[in-house]
Each structure stands twice: as C-alpha cells, then as structure tokens.
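What follows is a single structure, and I will ask about it in a moment.
Labels run A, B, C, D, E, F, G and H following the written order; every chain starts at residue 1.
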Amino acid sequence: MGILEIMELLEGVKAGDITVADAAEHLKSLPYEDIGFANIDHHRALRQGFAEVIFCQGKQPGQIAQIAQRLAAAGENVLATRADEAAYGAVKALLPGAVYHRDARIIELVCAQVPKKGCVAVVSAGTADIPVAEEAAVTAEACGCNVSRVYDVGVAGIHRLFAKLDKIKGAQCVIVVAGMEGALASVIGGLIERPCIAVPTSIGYGASFGGLSALLAMLNSCAAGVAVVNIDNGFGAAVMAAKIVRLAAGGE
Amino acid sequence: MGILEIMELLEGVKAGDITVADAAEHLKSLPYEDIGFANIDHHRALRQGFAEVIFCQGKQPGQIAQIAQRLAAAGENVLATRADEAAYGAVKALLPGAVYHRDARIIELVCAQVPKKGCVAVVSAGTADIPVAEEAAVTAEACGCNVSRVYDVGVAGIHRLFAKLDKIKGAQCVIVVAGMEGALASVIGGLIERPCIAVPTSIGYGASFGGLSALLAMLNSCAAGVAVVNIDNGFGAAVMAAKIVRLAAGGE
Amino acid sequence: MGILEIMELLEGVKAGDITVADAAEHLKSLPYEDIGFANIDHHRALRQGFAEVIFCQGKQPGQIAQIAQRLAAAGENVLATRADEAAYGAVKALLPGAVYHRDARIIELVCAQVPKKGCVAVVSAGTADIPVAEEAAVTAEACGCNVSRVYDVGVAGIHRLFAKLDKIKGAQCVIVVAGMEGALASVIGGLIERPCIAVPTSIGYGASFGGLSALLAMLNSCAAGVAVVNIDNGFGAAVMAAKIVRLAAGGE
Amino acid sequence: MGILEIMELLEGVKAGDITVADAAEHLKSLPYEDIGFANIDHHRALRQGFAEVIFCQGKQPGQIAQIAQRLAAAGENVLATRADEAAYGAVKALLPGAVYHRDARIIELVCAQVPKKGCVAVVSAGTADIPVAEEAAVTAEACGCNVSRVYDVGVAGIHRLFAKLDKIKGAQCVIVVAGMEGALASVIGGLIERPCIAVPTSIGYGASFGGLSALLAMLNSCAAGVAVVNIDNGFGAAVMAAKIVRLAAGGE
Amino acid sequence: MGILEIMELLEGVKAGDITVADAAEHLKSLPYEDIGFANIDHHRALRQGFAEVIFCQGKQPGQIAQIAQRLAAAGENVLATRADEAAYGAVKALLPGAVYHRDARIIELVCAQVPKKGCVAVVSAGTADIPVAEEAAVTAEACGCNVSRVYDVGVAGIHRLFAKLDKIKGAQCVIVVAGMEGALASVIGGLIERPCIAVPTSIGYGASFGGLSALLAMLNSCAAGVAVVNIDNGFGAAVMAAKIVRLAAGGE
Amino acid sequence: MGILEIMELLEGVKAGDITVADAAEHLKSLPYEDIGFANIDHHRALRQGFAEVIFCQGKQPGQIAQIAQRLAAAGENVLATRADEAAYGAVKALLPGAVYHRDARIIELVCAQVPKKGCVAVVSAGTADIPVAEEAAVTAEACGCNVSRVYDVGVAGIHRLFAKLDKIKGAQCVIVVAGMEGALASVIGGLIERPCIAVPTSIGYGASFGGLSALLAMLNSCAAGVAVVNIDNGFGAAVMAAKIVRLAAGGE
Amino acid sequence: MGILEIMELLEGVKAGDITVADAAEHLKSLPYEDIGFANIDHHRALRQGFAEVIFCQGKQPGQIAQIAQRLAAAGENVLATRADEAAYGAVKALLPGAVYHRDARIIELVCAQVPKKGCVAVVSAGTADIPVAEEAAVTAEACGCNVSRVYDVGVAGIHRLFAKLDKIKGAQCVIVVAGMEGALASVIGGLIERPCIAVPTSIGYGASFGGLSALLAMLNSCAAGVAVVNIDNGFGAAVMAAKIVRLAAGGE
Amino acid sequence: MGILEIMELLEGVKAGDITVADAAEHLKSLPYEDIGFANIDHHRALRQGFAEVIFCQGKQPGQIAQIAQRLAAAGENVLATRADEAAYGAVKALLPGAVYHRDARIIELVCAQVPKKGCVAVVSAGTADIPVAEEAAVTAEACGCNVSRVYDVGVAGIHRLFAKLDKIKGAQCVIVVAGMEGALASVIGGLIERPCIAVPTSIGYGASFGGLSALLAMLNSCAAGVAVVNIDNGFGAAVMAAKIVRLAAGGE
C-alpha cells in the first residue's frame, strides 16, 4: 500500500464513505503490512532485474520450479542460485526459456531485459574459485552491471595479475574471489582506488578449515577499503557491488 | 501514539480540520515513530519495578551516577549491574538512598516497592560462582520475585545437593549457576519439574576457556527443559525467570 | 516405590510379618532404586502426554519400532523425534495408528488425548528452518499446548514480522527458530513481554559453522529475557516452553 | 618515474646521448621502482585529504609525533587513529594546530580543507559502540564525506531505529557498528537500498569472544548487500564508504 | 639384543676373539637397536594377553587379515579395534577361530587364555555410548581384567546411577563413558574413591561439536582424581585401567 | 546415617516406640541427607591426610587464612594450592606452623603425619613447567606418596630423558608435565609399563594458545595408557596418582 | 619479454624504426607483462624437472588429462598430485607413458630425466601417514633429489626410530610426517643437525580435529630448526626440501 | 661418555681388570647416558656460535644473569631472547661485555667471533613486525650468517617490495615476517627461487586472534616452498635459516 492508497482512504473518510472506526482499524495494521515496503520491493525489481532470488541449497527441484513459475507468472526475472542439474531440469520443464549458467550454478529466466550500466570486475585467484566467481559475475549481470572477468591471477605468480591490472582498474567496483590464504584481496586492495569486496572461498584443505583461513586473512587485510562477505558468497558480493555501481551510474 | 490518537486524527480529517495531505504525511511516518512502543516501555516499568538497567562495565563512575540520577528523578527504581566500589561511591554521592549489593556487584535504589510474587531458586555449584548467582538473585528480587538461595552444591559432593532438593523444588523456576564443567544444570534439570535456566560462569582455568566448557555442557544437557544464557549473565537469567514466575502468578 | 509402600513395609515390621533385618536390607537400597523418582515419572506422563521420548538419530528402524511398541503397550503416548521414513515404516507396521509428522520428522501415537492449555508461539526466520520449528511445534502440541505457527518472518524483511506481531504476543511463551545470523531472537525479545526461547539452527553455510554463528548471536542477545537451547534442538525448546505454559495455566 | 621520464630516456637513446645498454639496464629495473605507483599515491592524497594514516596502537608518543610532523611538513593532512591522550600531548607539542577527537581516539591536523561531497550514515547499536562509530565518522569526514550520526538504536528497542530511518536512508552508504549479537546490520540491511558496511565491535562479554559473535552474525546476514570489516575497524569501514560516496558524487 | 648377548660379546673380547675396536663399534650403536626394547615388548605380551593391537580405521580388510594372521602365527592373541563386518569377514576367512564383538567393533582371537585379575567397571551415560563402552569393556577383558558393565545411567535420571553404585564401587578402577555434556564423570568422580578414567564420546549434535563439549567438561571436572582420554577412545581408557588394576592385583 | 541407625529406627517401629507415619517421613528423606556420604568424607580424610583442599585462585588472603584455621582446628592437615606470598602471610599469622612450598605455590600445615607408601615419578619437560610439576609433587607427598622428581628432560634433548629412565621406571605411576608441544607424554608413555598421567601446561606462546597445543597432543598420544588432566592441573594429576599408588600398596 | 627484446626495441628507437611514443607505450606496460617472470618459469622447469604441477582434488578426470597432455606436448615433465584411479585412467588414455604412484596418489610422466643430487629423508610416524609421506617422497624424487624412506617409526616405540637414525642423519634435509600428536617432529628435530620440515597429517580421530592437534604440536616444537607446512601437504614439504638440497648441492 | 671411554672399558675387560658382569652392567645403561649426544652438543656450539639459548620470558633477571654467567665461564657465546631492560641490567652487572639488541629484545655476549658465511634475507611487512624481524636477524647473525634486512614492504603498497626484490633474491634463504593477513609470504614465495620461512606475528587486532589469521594464511600459502614457524618465533626461523645457509656454504 502506497501513499496514494492512504490518501484515497482518507478521502473516503472525509467523504463519509468509510467510517472512522473502519479506517482506524485499517490504518492500525498499516505499517506492519506494506506501506512503502511493497513499493520498495517493486522499485527493487525495476532496478535490479529480479524481485526475489531463490537459494536452492536444501530445496527440492519441484519446490524450486514452482517458486520460479510463480515469479515468472508475475512477469519478474528469475534468478536461482546454488542450483544443480536436477533443479534446472525441473525449472526447464515448466519454463522452457530458462537458462542454466553451469559454472555459476545459477538458473536464470529473463522476462524483461535490464539495461546494463557501469562495470564490476570479478577477479579470482585460482581455477577452483571459478564457481564462486561465476556466481558473482552472473548475479552482477542479472543486476544490470557489465562484468569484466579476470580469472586465475593468484599471487603465487603475481605477474599474471599485473598483466590484467588495467582491466581491473577500469571497473567501478572490484570483487576479489580467493581461497587458501586469500592474499589476493590485500594485493588488489593496495593497487586500486575503487571499492573492493572480498569473497573468501572454501577452496583449500587442511588448515584452510573450510575457508576460515581466507576469511580471516581478508578481514585483516592491511589494505584499507576492503570489505568481506561470507565464505563462498559470490551472490552477496555481487548484490553489494551492483548497489555501488548503480550509485556511481548516477541513476538514483 | 495509540489507537485513540489515530481516531482523533481521522475525526479531524472527517471534520475538515486537517487536510488529507497533512494526515497522510502524519500517518506515513507513524509506525516508525512510537505507536505503542513507548507505552510498552511504561508497562514494563510498572510491572518489573525498574525501567532501564545500567550495565556499568566500561562506563565511568560519573556517567553511571548521572544516568541513575535521571532515572530516579523520573520516579523509577534504579538497578545498576557490574558496578564496582567507585561506581557506588559516585552514585551514593548523588543518591544517598542507593544500596550496594557487594557480592552481586549491583547498585539499587528503590523508589517504589514492588510487591513480591512467586519464587525463584538460585542454585550455584561453587563459592566462586557466587557473584554471578547473587547478580541473578538480587535482580530477581528487584523484579518482584522471592528468591531461595542454594549455594555451593556442586556435583563433586552430590549429597549436598540432595539435602537441599526440597527447597529447590519449592520454586517455580530454577536458575543454575555453574562454571568448570557445568554438570549441575543437567543433574538439577533431571530432578525437577520446573523450567530451569542455566548460567555458565567463567570460573575455571586451562581448558575451561573462559566459560566455554560450562557453556557447551549446558547447551548439550541431556535433561530436557534446560535453557541457557550467556556466560556470567546472571542478570539475563533473572529477567527470564521473573517473566516465567509472573506468568505463573497469574497477574497477567 | 511410593510412600504407601514404605508404610506397608513398616506395618509389616510392626506386625512382625517382616523381620527387622529384611526390612533394613530393603530400605537400604530404597533411595537408589525408585522412591519418588518413578512417581515423578508417572506424574510426568500424566501431565505431558508422553512418558519417554525416542531420539531416533543413530538408532535402527527395528529398534525404534520395538521401543515404541513397548511404550504403547504400557498405554503411554509415543513421541519419536528425528525419525526418517524408514523408521516410520517400521513403527507403522507394529503400530498402525502411528502418525508421521513429516516436516517435524516426528512419529506420534496418541493413546490418551491430552487436553490443550495455554499457547506457545513458534516463530521461524526462513523456510529452511521449518523442520526445526515443526519439531518444536509438534512437541509442544504433544505436551498439551496450543501452538501458533509464525513462519518465514526473518529480519531481512522485517515488515513481515510486524504484520504477525499480535499473533506472537498472544502466546504465553515464544520459541524463536533461526539460523544464519540468528538476529530474529533479539528483535522479538525486544518486542515482547513473554519469555522467549531461542533455537539456533544449522541452516547457513561458510562462516555459519554449522549453527555456531546463530548460537553465539542468540547467547549475546541484547534483549534481556532470552534463553537459548542447543543448535537444532526444537524438541528441548518445546519441553521448556510447555513447562512455562503449564505454570501459567495454573494447573499446578 | 612517470611516463615523461620514460620518454625523456627514449629521446636520449634516439639522440645517441644514452647507450642502448645503459637504457636497457635502467628500464629493466623500472617497474620495480616507482612507475605510476608514486603518482597514484599523490592522487590519493589530493582526493582523500590525507596521504598516510598513522595507526598509533603499539607506537610510542614520540614516534607518533615525529611521523605527524614529517607529514605536516609535506603539507599533507594528518590523521592518527587509536591515539590516546599521551600521543595527543606529544603531537600537540610539535603541531599546535592538531585537534583530538576524544571519542574517536583520533588526532587530526587539517592542512588543506577537503570539500565535502555526499553523505555517509554511521549507525551504532549501543553507547559502548560509540568509540568505534566515532572512529568511522571522523575518518569519513576527513575523507571528504558529510556524516549523519545515528547512535544507540540497537534492535532490543527497534522503534528507536524506525524513528531514525529517514535520516539513514538519506545517506549514500551506511556504516552499521554493533557488538554483542550484531543483529542491527541485518535489520538495516533489509530496510535500505544503499550499500551497507558492517563493523562488528568487541563490546560484549562471555560468549561474545571479543567480537567473534558479532563478526559471524554479520557475515551470515540474511540481508544481501552487507559487507563486513574487521572487529572494531571503524577506520577501514570509513575508507570503504568514502570510496563509494566519491563514486556516487561523480567526481571521478 | 639382550643382556646375554652383551655378555657374550664381552666374553669374546676377554677371550681375544673380538677386537676392542670391533666390539666398540658394535656397542656404540647398541642402544639405538634393540637392548631391552624387544624384551619389554615380550613382557607386554605375556602380561596383557596381546602383543600389538590392530587399529582398523583406514585399513583395507585384506591388510587387517594379513596382520592378524602374522600375529596369530607367532602365537599371540589378536585384538583388532574399529573393525567393521567386512574386516571380520576377511579375518574369519584366514583365522576361523576369530570372534567378532559386534557392539565393540572388535575382532578377537585368543591363542592363550589370560587369567583374569581385579575388576574394572565400565559405566556409560546413554545407549548411544555403548559402542565406545564396549570397546573399553572388551579391551579390558582381553587385557586380563574382570569387567562390570553399568550402562544407561546418565545424570538426567540420576536415581538409575544410585541403584548401581555398589556395583561401581566394587571395582578397582572405573571407566566413565559419556557424550553430550559429559556430566556423568564428575558425578561418579565425586562419589567413588577409586581412580576414574573419563571417555568423552562424539554422541550429540549441534554444539557438542563432535565430542568437544564432553571432552572439555571432563577436563574441567570439579571432582579430583578424574583423568581423560581422547574422544571415543574406549581402547586407550581400557589399557590405562588394566595397568592400574594389574598394579592393584600385586602381580608385579 | 548408616545401616545401624536404620535398624534402630525399625526396632523402634516394631516396639511401637515410633509411629509408622513418623518412621515413613524419616525414611523418605533419607537418601537425600547423608547415608554414607559423610562417612565417605571421613574415610577420605583418614586415608589421604587432608580433608578439603583450598583452591586459592580468586580468594582473598583473609578468606584463605580463615578456612585454613577452621580446618586446622578440626585437627585436619591443610593444603592450599595456587597460593601467593600474600596468602601465605595471612595463613602464617594465624597458623605459625604453616609451610610455604614456593615453587609449588602451595601452603601446607601438617597436623598428623601420613606414612608414605609407594612412589610417584613427576617428570617435567622444561624449567618453566616446574611450578606445575611441583604442585603435583607436593600434593602427592601430602597424599602419602614418595615422589621422584625428574625435571628438565624435554624431547629436544632426548638423551637427558634416557639417562633418567631407571628412576622413572622405579615408580608405580608417572606424572608427565609438559607445555609447548607436549611430546614428552607420548615418548614416556611408549617407554614405560606403568600408568601415565599427562599434565599439559600453559607454557609457550603464539600457537600454544594457552596450553591447547599440549592438551591436544596429549589427548592424541599414540602411546596407549596415557590419560590427561586439565591444563596446569598438577593437583588433579597428583590426586589421581595417589589413588593409583594406594591401590598398588595394597592398603585397601 | 627478456632483456634481448628490450634492447631490440631500444635499437629500433635509436634507428628511428619505432617512434618514441610507441616505445614508451610498450615499455609502460612491460613490467606487468613478462620481463623475467616467464624466464624464471623456464628456469624453474629446467631445474626442478617439472613446470607446473596439477593439483587434482576437485578437478574432473577429463580436465586433468587435458592439462597433462598440454604440458607433455611442451616437452615438460608432468606431475599430478591427489590423483585417484579415475584420473589416472584418463591421463593414461592420452599419455600411455604415464606412471601412477598409487600410495602417493601421484601421476607422473617423465619427458626429460632429471639427474639426482643430494638426499632428502622422509620419515613417517605410522602406516596411516604413508600416503602423505609418499606424496613427499615421489615429489622430491621428481624434483631431482634422492630420497631415503624411513616409515613407521613413531615415538610410541622410540627404539624403532633410533635404529634408523644413521639413515636419517645421512640426508641433507629431513621431512617428518606425523598425525595424532605429531611428537615425532620434535624428537627428530632435537636429534639432527639438518633442517627439518614437519608435515602434520589428518590421521587421528576425536580431538585430533582433522590434523589440528599435530599442526599445533609441530608449530610449538621445543626443537629449534623445525618449520611446518599445511596439514597433509607432502607436496609442499618436498618442494621446500628440494630447494634446500639444491642449495647444498652447490648447483646454484 | 664417548667412544674413548667405551674402548677403555673394553681394554679393561680384555686385561681382566673388569669383570664381564660389571662391564655388562655398565654398558647396559650406556645409551641412556651420553654417548655421542654430548659430542653433538659440542659440535653445535662450534658451528653455530652459541651452545644454549636463554629464553627469558617467564624467568627472573637474576636467573637469567646466572645462566649467562655460567655459559660465559665455559667460553661459550651467550644469546638471550625475549629479554627486557631489567634482564639486560642484571646480565650487564655480571658480564660487562654483554650487548643489548633493543629492537630484537636480545642480549648477546660474543666470546668467540663466528666467521660469517652465506646470507639470509629478513623481510617484514610492517614497522610493528620489526621486533620479531630483528629477533630473527640478530639470531641469524649470531649463528654466523650475513643478514639483509628489508623492512616495511607489506603488500598494501606492493611497489615497495618490488623495489627491494634484487636484495631479497641475493640471499640463500628468506625469512618473511608478517602479521595481520600474512599475505607477504605468499607473494614473496611466488617471486623467489630460494627456500622461504614464514613467521606469522601477533600484530593486528580483532579477527587477527593473536596471530592466528597470519598463521593460517601462511600455512595455506598457494606458493610452494614456504614453511612456517610459530607465531612471533623469529628465533626459530633464524635457526632453520642458518641450517640451510650452512648447507649451502658447503662447510659441512
């Protein structure tokens, strides 16, 4: 319910079409229901290219397909993360236009094209980090950003990184995806001017403790201007990056 | 702002005293301001015997004294936890009626007596746990509960506990305070019918890791009906217990 | 053995039917056997609607079925938690009246209806938390409580929570089930007057560390009057809640 | 060495003033010395209003004062974080114009005013979090941002937050500072459209484990678009926020 | 090389059959080879009833069977712990006399009966702890001890424990096996005079963290005279207990 | 209350001197009071040479002195662990016969000499471990054991250990005290036949994490027959060792 | 790009074939591309006998085979670690000369024999540590070292170690592989003069926490001159050892 | 006892001066005493320039001075690490020639100059890491190595590192000292051919957890050929490095 509906209600009270008691009852629950919030949600859909994201981990293929169908029926773009082949099969059966970004483990159905603005660079340390990097890249694209992919430039061979530095510097926000010791975030954070979002990955073994090593390293980065999201959370980094890029694009 | 004020506003709209635009503006921000929330706070004060508790740790004596004075000026009972002698000195200078519960590290000023209802038993394992136990006991009393203190009945000499079991069973809610291995919570949880709130303490050394040992033990209690609060959080346990006892007292 | 049996034994000694030596031998082991304890157990059964709960995790379907059959043969209500389909199949074969609460992973067989008293609200943050929430809800119902289910009201869209606040406030005790950052417990703890029991869940990934994140958050809740149970322990929360509600119901 | 110097060298080769061997030797070590890097540093100073920040923790007052003097002598703005009274005394003696932001524990000396652009909101949960919040706020101001301070709006009394929501939404980037369970980051992250940077603080006791509780909660935030910095790192959050706001201001 | 061989060597020197240089060279490396150590091993076999124990976890059935066969060929008793059905099948094929203690997950082949001396009590908290308890019990028997099994006497129903206290006190050493909160070790440690060895088990879920909860609780036991072995290490506890009981039996 | 008193009561019932109701009431509370438990405590005093040990950490010198005086007045030997100079001063003022074992941080007052039986070896890795080793040694002596001290034989210079092996093997129970990597426990556990109790110490820095490193190493010892007590718990190890040695001495 | 190419470029400038602007542009990006770095890589291949190692964990057999084929096509030796049978099958199909070191889980294809220099001793504590030890041994051989294998000499039977000490001392660098309590590293570190590299393994259970126990023990080794690599990282230890041995061999 | 004494004993047997039985008894305990081990220690002193290092942490100034005096009296070089001013005062009073390396917290007394061979580079990330770096540098010099110090080249400004790369590559072994995220070790490990020893420091705050962050990062380094020592263990790294450099120097 938006401000127009509130005013309509008040006009009804003024005109005597609605009793004060009925209006009071309606208004009492108002803030808890939807003033503005639903509007915000609609705004979000318009700007980001999707209304609600389906996190597939732990959901049945059938459930995922039904949610996707409901969103598509409402004319909204669909984005389903952490999706496996089975989930894609179920969605595809109901929504033949759905696309599966295999590396990113994302199912996408575009109902309304989102015009691209600005640029996010997604940089990854090793090839094993690519699924998380692709989750970030595909999500950022779905949110209306151009994406520069710079993969496999880990610090063990730092010349590879320098060769790609111009490409990285060309973006308005940089997402750095790295497992093991996560040093890449500090190195890039020290080389660029733009905001840098670090995504630790669970890649590694032994004392990487499922990504803890990279997470702690990134939190302790000696480069200022680096912020961190959860282990393997490429999606969250991309949403953050898209918010930054939209600000830069001056659209709002 | 309550329902009466909303109706008054609507009557104003109906009567033409307030424009629709003004009323809409007012209503839009309504939920974010104060409907009911402030009222709830006043209710809390009436029922619990204190409005706001001062957590002294990390505050200067002077700051504590000023907050206490402001609360007392409003006619509210004052409770200041984790208070040391210096804090008490500062409060005492401004509020001569303030009392210092030394064992509990609590400063209290009673402006309006709260009638006592129901009973909370506070049980502690060792003498070193007494500061936390007293924090719980004094807080529960300040919240309007009678308190049965049963101290130094740790499981290493379990006959001491059995000798006090009737006293413990006489309460409507039991707070168990224990450090080290925290076994007392499980033993009592298995012996009584009433809700049991476990407070791990930081008492111990070495592999007690500052109370982690007792905390984990209590969370894993094999006795159903045991819930746990933060390490050394006697205050929180007492507030929970007081809520339970008030329910039992039927006052609400 | 209850007080009546003790008196009968003493009458036998007085009458000379039992020798002092025999009676002494019998009495010596008495407290370690069953005075009162068994009575307590019987009382528990009458009040809670079940005598002993079967924790199925790690047990074979055949074992579960046999325990269930033994309880049912004694006329007691049966509650088996963490049960999978195989366990239900085995129980169903022996006890055709058994019902499987699939979402809750609970098998139930009601031999004697328990009259419902009072109300527990079970609130969950996300859809993935529902199995734990249902474990709590079904258990609370089996213990004789009415249950208000309020699901999927996580803090990321806090208006959903406010829309259900009246329903939550109508309960005498609130169980809050949340994974990931577990913030819902603090938000609800700050909004309600009633005791609040927080259940962290293992839902999440990466730095949720199997529920540790939600557990720590709930233990550190800035809202007083929140107590916590083990990760995923919907059952334990419900037993605690039922004890509180029974107190409130004044039945004891 | 910048591009002009490289060209000068090449002109020398072309003119025969420098032998190919000498030039090759010079160029070989070039990238490891300073091409562009120093320039970048100069750019940073111009844009951010400070060249290098002094992290005082673990440094002697005399050392801090000397570094500050050297920076000031170069005409650069000085910012010294985690500074105590003794450090301020030492700096003040050499640089009488230095100002001490006591709450923020920051010493500042402005040599060249930085024009303010855009706005960062700094939101804190409790009064104990204010030192970290002020470190963020003063740093953001030094970086050329306007700052909206919204303090003491923790989730235990969530109406306080809603009353300030418009102020928070007015900023282009929001820094959320919270200890204990850190729930405020998730609540705000779910209410606003803008990028949100969460700063866990070490405020708390027991199972807060020096800020670990808030850190994990923020990393696991169910609200997308929240990124996290190190515990108590108000400075780092502000640098990140300033980078975002400058992007939004379109200055670059 | 034993003392006899050393003397033989010396006789050779005395007789002039071996040069001093050769003997010196031989003696120099002596301690690194086998003086006494092998003898010690033989002594161990005679007293404990087994020479070397096969820890099956991570070994192939075929490997286990071959080691068992080699030991049996040497006339030694065989004990293989953490053995599954497949391992038993492989051993049985080569050594038809081998017995499989299914609950204990132990394969045993007795070549020479060991006379039983003294008594170890093995006490467990829950039925799920029985595999570890049986590993302890069967190992203790193989080491020549009588074993009293007292199972399912966890502290949630402490009367069950008291009913068995005489049986427990009759032993010279008590092994306490418990998971979850591990409180049973402290309760028994406070009730008995004899040495008590606590075995934490990995039984539990959530915040039991694979046995960490019970382990920490047992290490922090408020009862003096309790020592702890690794999580699930029933074998190690039994070897320790057997050493104690043999001392008590005065056989050495 | 012992068996004689129960029989006396029954005789009273038989004779009609005590009504059945009175006797029943008396018997009902029996187990929770003191059957045997107090007796056990008296037995403990007689055998161990001390009744109750004062753990001084966290207690005021005055409190310690008063407890010591009360124990001495009852004719019991006094042992106060973790005592500093101030505590000793306070005790000495009241009990001039008290002795301070400075290295062990133990105050002792012998009222009744305990005859020494058997032998405990206390072995320590480094000189920094001596306070914990001495706590064990002095406690074991107070419990009536002879003690062989073997200090500074850490594995970094393993020949020092071999030179003392006979002395170690001469004891009936060995206490191994080591910090850092705690390897000494495994090496000794593999060399001796007797029960071995390992005491990790908090000696070390960095990744020793306050003794965690040594604790984990000792729990994972590859030598069977090693059990572990809490970090720095020399007292607990000595009580365990004394129980073992008394068993071996055949006195009971 | 090497120094020759730089000189060629400069000659072009001198000769007027290349404009200063073009050369400047080319040189500006130079360091970020490949000066020296590629050369270094070629040097590495010549010296170590392999150019790039394939870490198979998490890669598909097909991917592994393709990378191997590409390396072989370039005439480089191939080393693929953490390879299972499926990976070997895929590689073998493309490169029939490939050999599978089953115990080491390494696939190797030798295109150019590397002459062996110096000697590395690989010492392991238990048979379960052999896969990691073999990963180290085979890698060291592939790097051009001779390898002395000394397996199953854990400290629980320390005489086995002493019997092999001469063999260990004969090497220029010693790799110690151990799980559980990891004590072997300290014992060997104290006995030898040469650099010692410790590899903790994930062998163990319970409180070994996946190798954490051995890792911490090794980091806290009381023997100076011991350095540690990641849990199970036999490969990394071997590369470090090979670098040391090559230094000793004086080849560089 | 050395080889000469063994031969003397054997001559005695040959000559009939010593009985075979006496000689056998003497020889039996031989290996446990001192064959060779003491010799090894003497070799160590000759080669490394010091016999035994005094770790001052936790020792009294007086104790330190006495040990130093005893070593000096034996003509050995003295090295005392983790020494504060008070310790130096005490040593200086007894040994006026002692020098205090303030930054390194090391007291040194050179009795016999050790000729320098080879070179170790000590590289540190930040100025706060210098005490640990100096501990490494001074120790390496005392062990007879030349040392190249390269300080304050952390990855946040990676051009500083490249400017010093030649200096680093000139060493035969590189020690990398870094706190916070410890990324420097990976970057250097990827740039150099020589063995690299990483020393994590406890520099940092919040989620650095006392050096854990840097430690885990270094253990997970993506650069092969990096080994790690304990947090802040500059001494241990230097001993390891000196062993490597001596090997390279070909002196042994």
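Here is the rule we use: contacts are C-beta pairs under 8 Å (C-beta built on N, C-alpha and C of every residue); 3 or more make two chains touch, one makes a residue touch a chain.
Because the structure is a prediction, the values reported are computed rather than measured.
Relative to the C-alpha centre of chain A, the farthest chain centre belongs to F. Separating the centre of chain B from that of chain D, both taken as means of CA atoms, is a distance of 39 Å.
Averaged C-alpha coordinates put the centre of chain C at 55 Å from the centre of chain G.
If you average the Cα atoms of chain A and of chain F, the two centres end up 60 Å apart.
The set of chain E residues touching two or more other chains comprises 31-32, 157, 162, 191, 206-208, 212, 215, 219-220, 224, 230-231. Chains that are in contact with each other form these pairs: A-B, A-C, A-D, A-G, A-H, B-C, B-D, B-E, B-F, C-D, C-E, C-F, D-G, D-H, E-F, E-G, E-H, F-G, F-H, G-H. Residues 125-126, 154-158, 180-183, 185-187, 189-191, 204, 206-209, 212-214, 216-224 of chain C touch chain D in their complex. Note for the complex: chain B touches chain D at residues 29, 31-34, 37-38, 41, 57-59, 200, 202, 210-212, 215, 230-233.
Residues of chain H that touch chain E in their complex: 3, 6-7, 10-11, 13-14, 16, 20-21, 23-24, 27-28, 30-32, 35-36.
Contacts from chain H toward chain D in the complex involve residues 128, 157, 159, 162-163, 165-166, 203, 205-208.
Those residues of chain G whose C-beta lies close enough to touch chain H in the complex are 31, 40, 43-44, 53, 172-173, 193-195, 197, 215, 219-220, 224-231, 235-237, 239-240, 243-244, 247-248, 250, 252.
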